[in-house]
Amino acid sequence: MAKLYFRYGAMGSSKTANALMVHYNYIERGQSAVLIKPDGEDRDGLDIIRSRIGLSEKAYSLSWLKKCLPHINKEDIWDCIIVDECQFLSPDDIDFLSDIVDDYDCPVICYGLRTDFQGNLFDASARLMALADVIEEVPTVCWCGKKAQFNARVKDGKIVRTGSQIEYGGNESYTALCRRHFKKGIVSNPNENKI
Amino acid sequence: MAKLYFRYGAMGSSKTANALMVHYNYIERGQSAVLIKPDGEDRDGLDIIRSRIGLSEKAYSLSWLKKCLPHINKEDIWDCIIVDECQFLSPDDIDFLSDIVDDYDCPVICYGLRTDFQGNLFDASARLMALADVIEEVPTVCWCGKKAQFNARVKDGKIVRTGSQIEYGGNESYTALCRRHFKKGIVSNPNENKI
Amino acid sequence: MAKLYFRYGAMGSSKTANALMVHYNYIERGQSAVLIKPDGEDRDGLDIIRSRIGLSEKAYSLSWLKKCLPHINKEDIWDCIIVDECQFLSPDDIDFLSDIVDDYDCPVICYGLRTDFQGNLFDASARLMALADVIEEVPTVCWCGKKAQFNARVKDGKIVRTGSQIEYGGNESYTALCRRHFKKGIVSNPNENKI
Amino acid sequence: MAKLYFRYGAMGSSKTANALMVHYNYIERGQSAVLIKPDGEDRDGLDIIRSRIGLSEKAYSLSWLKKCLPHINKEDIWDCIIVDECQFLSPDDIDFLSDIVDDYDCPVICYGLRTDFQGNLFDASARLMALADVIEEVPTVCWCGKKAQFNARVKDGKIVRTGSQIEYGGNESYTALCRRHFKKGIVSNPNENKI
């Protein structure tokens, strides 16, 4: 009866803070929950999940979960598994998580981006879109006030349309845009004075 | 401000009946709406959409929409475009529909399957999962009573795992299953007497 | 594990057609479902539910359900109970339906209006808003194209603000409006020629 | 086009943390937002909203909003108004907030409980259920793992069914329960050792 959730949102939509809150709620109620992140995802350290708003919590890698799962009895599994930055997993990882839901009756909640800077689904996000029981949006807003759903890669104030899906160490940044402004490549309010 | 909707559901979830109802509601209120289906989708005839429950309505092909759109002024466009069986479109077709939403401010509601008989996203459905403003499920139930989300191809009472995505003229049928029973390949209640 | 659903929508949102489709889907899959309507709701006859789009089905009154329920074993109950026009029930009736969900593990899906012609919750709708596991909107549109959520009582082309909640045999009609136009009392497009 | 949101959840569902995150997201993007709380709601001080997870932010009372609104031009209004503990407002306050949405085109997001310790809608929550464009649940879990939707008042480990809707200075506490356990009055796992 447990469910696989995909809670997707553009950058800056507080997906990580949401993940931490869900974890906090389980713990506060005396239930168990574990925070999982992709292997090697070390933006804030390999064993921590940190949200811009100022929350952080101990996290474990997906490899760790794979290694310890065979040693866990069905009745001893956590009350919830919460995965952050799930777009960086592989489609097979998503199938693995889906099997946990079905075989262990343990809810798995995945937070992540749906599309990359070119507006294409991440592979893991596509797999989640195929398998998830519940698909929910974590909303955020474009500079225009409309719902943002795309993640523009921005360099020197201009949208970047080419490059590799994951950019390491570049001086690009990302900004969440609505579909109209993503298509047109307008990354900020043109009527606003920039100092 | 108009939105692109993807209303996905497994086979037998009344997607077509829903499409026809939305069309009916627009017409009944004195607004305009058009029903679109993929080119060559002739299950019930090329220019008709028919639901198992006994409803049907005149429909047009996507090619027709592409041809006539350049001759339509922005202010004269329909109040709503409703697309059935959208899983049979191409990803480019979905981009075309998304441009109608953004350029003409006309809502487009797409009804279709999310995954094929192997549990993989249809290409058009993947594109909709990337672009849609609103992703909603049209629910239906597995034989076990749980929500069905997969479309098993069935031959001689057994699930079929291989073959081409779209099967023409075969003697296979499809049945909607929950994820657990799709994975296990149990297509009907094993405790039920078959006569 | 079964759930109590409240699917609310303004007039003309095809709630009844949705109820009939859900019923049809259960029957088509070889499962059982029953259509329930308020006692004395005889718009289309006491034992029938009819949708404007042209669908109809045999229905039973809530009194009938109350009478026969004590004679039904938990394992023999329907796979789903579908209630139309639920706004005309009493709050106690909703508690009764909620007990069926919890005691018989049988899903109950209630379709109905949320507010009356003055914009106030119907008593039964308020009780459903308090108790339902799932609250979902059946959307429809105002003449302006925005989502309609209020049911204006209209007489001689003008909105009526006073009177009893349920009007019998009057020559008023109802029209679904968005909140802005309901507040302002604009029941149709002022720029449209009326012949 | 702006919308009135009612995001309801049981106690301990992180409604306040969600409110603070939405506020944070607006500010981070260079947009404006204001946090509003009921007059006299001084659990954490009259001018602060604090979440159990460790976040807090400056807040203003609804009276303050009513006083300053007439001095704000339509184009200068915030990009979003966020209201916490909205169940303690009056129905008229909700109408006031709904008018801001419609007259100023400013989104208003209300967080609050839907029902009191007896399972009845708060008056303000009922008004929001009637008026809101979007009704969304902030989920939390019962001790049994199912979704919690009721707020049981608990004294000496037992559920309390009578008393005033808002209890000041009592030694009661509240715990979120699913509908079944709320009905039965089972406020914690009976199989768990209490030390």
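Chains here go by letter, A, B, C and D, matching the order in which they are written, and residues are numbered from 1 within each.
Going forward, contacts are C-beta pairs under 8 Å (C-beta built on N, C-alpha and C of every residue); 3 or more make two chains touch, one makes a residue touch a chain.
On a predicted model such as this, the values are computed, not experimentally measured, just so you know.
Shared contact partners of chain B and chain C are absent; no chain touches both.
Common neighbours of chain C and chain D under the contact definition above are absent. Think of chain A turning onto chain B: fitted on CA atoms, that turn is 180 degrees, to the nearest 5. For this pair, chain A with chain D, the centres built from the Cα atoms lie 26 Å apart. Inter-chain spacing, taken between the CA centroids of chain A and chain C, is 38 Å. The set of chain D residues touching two or more other chains comprises 1. Chain contacts here close into one cycle, and each chain has exactly two touching partners.
Across the complex, chain C is touched by residues 1, 4, 98-99, 102, 114-115, 119-121, 126, 129-131, 133, 135, 137, 146-147, 149, 179-180, 183 of chain D. On the chain C side of its complex with chain B, the touching residues are 12-14, 17-18, 20-22, 24-26, 28-31, 52-55, 79, 140-141, 143, 145.
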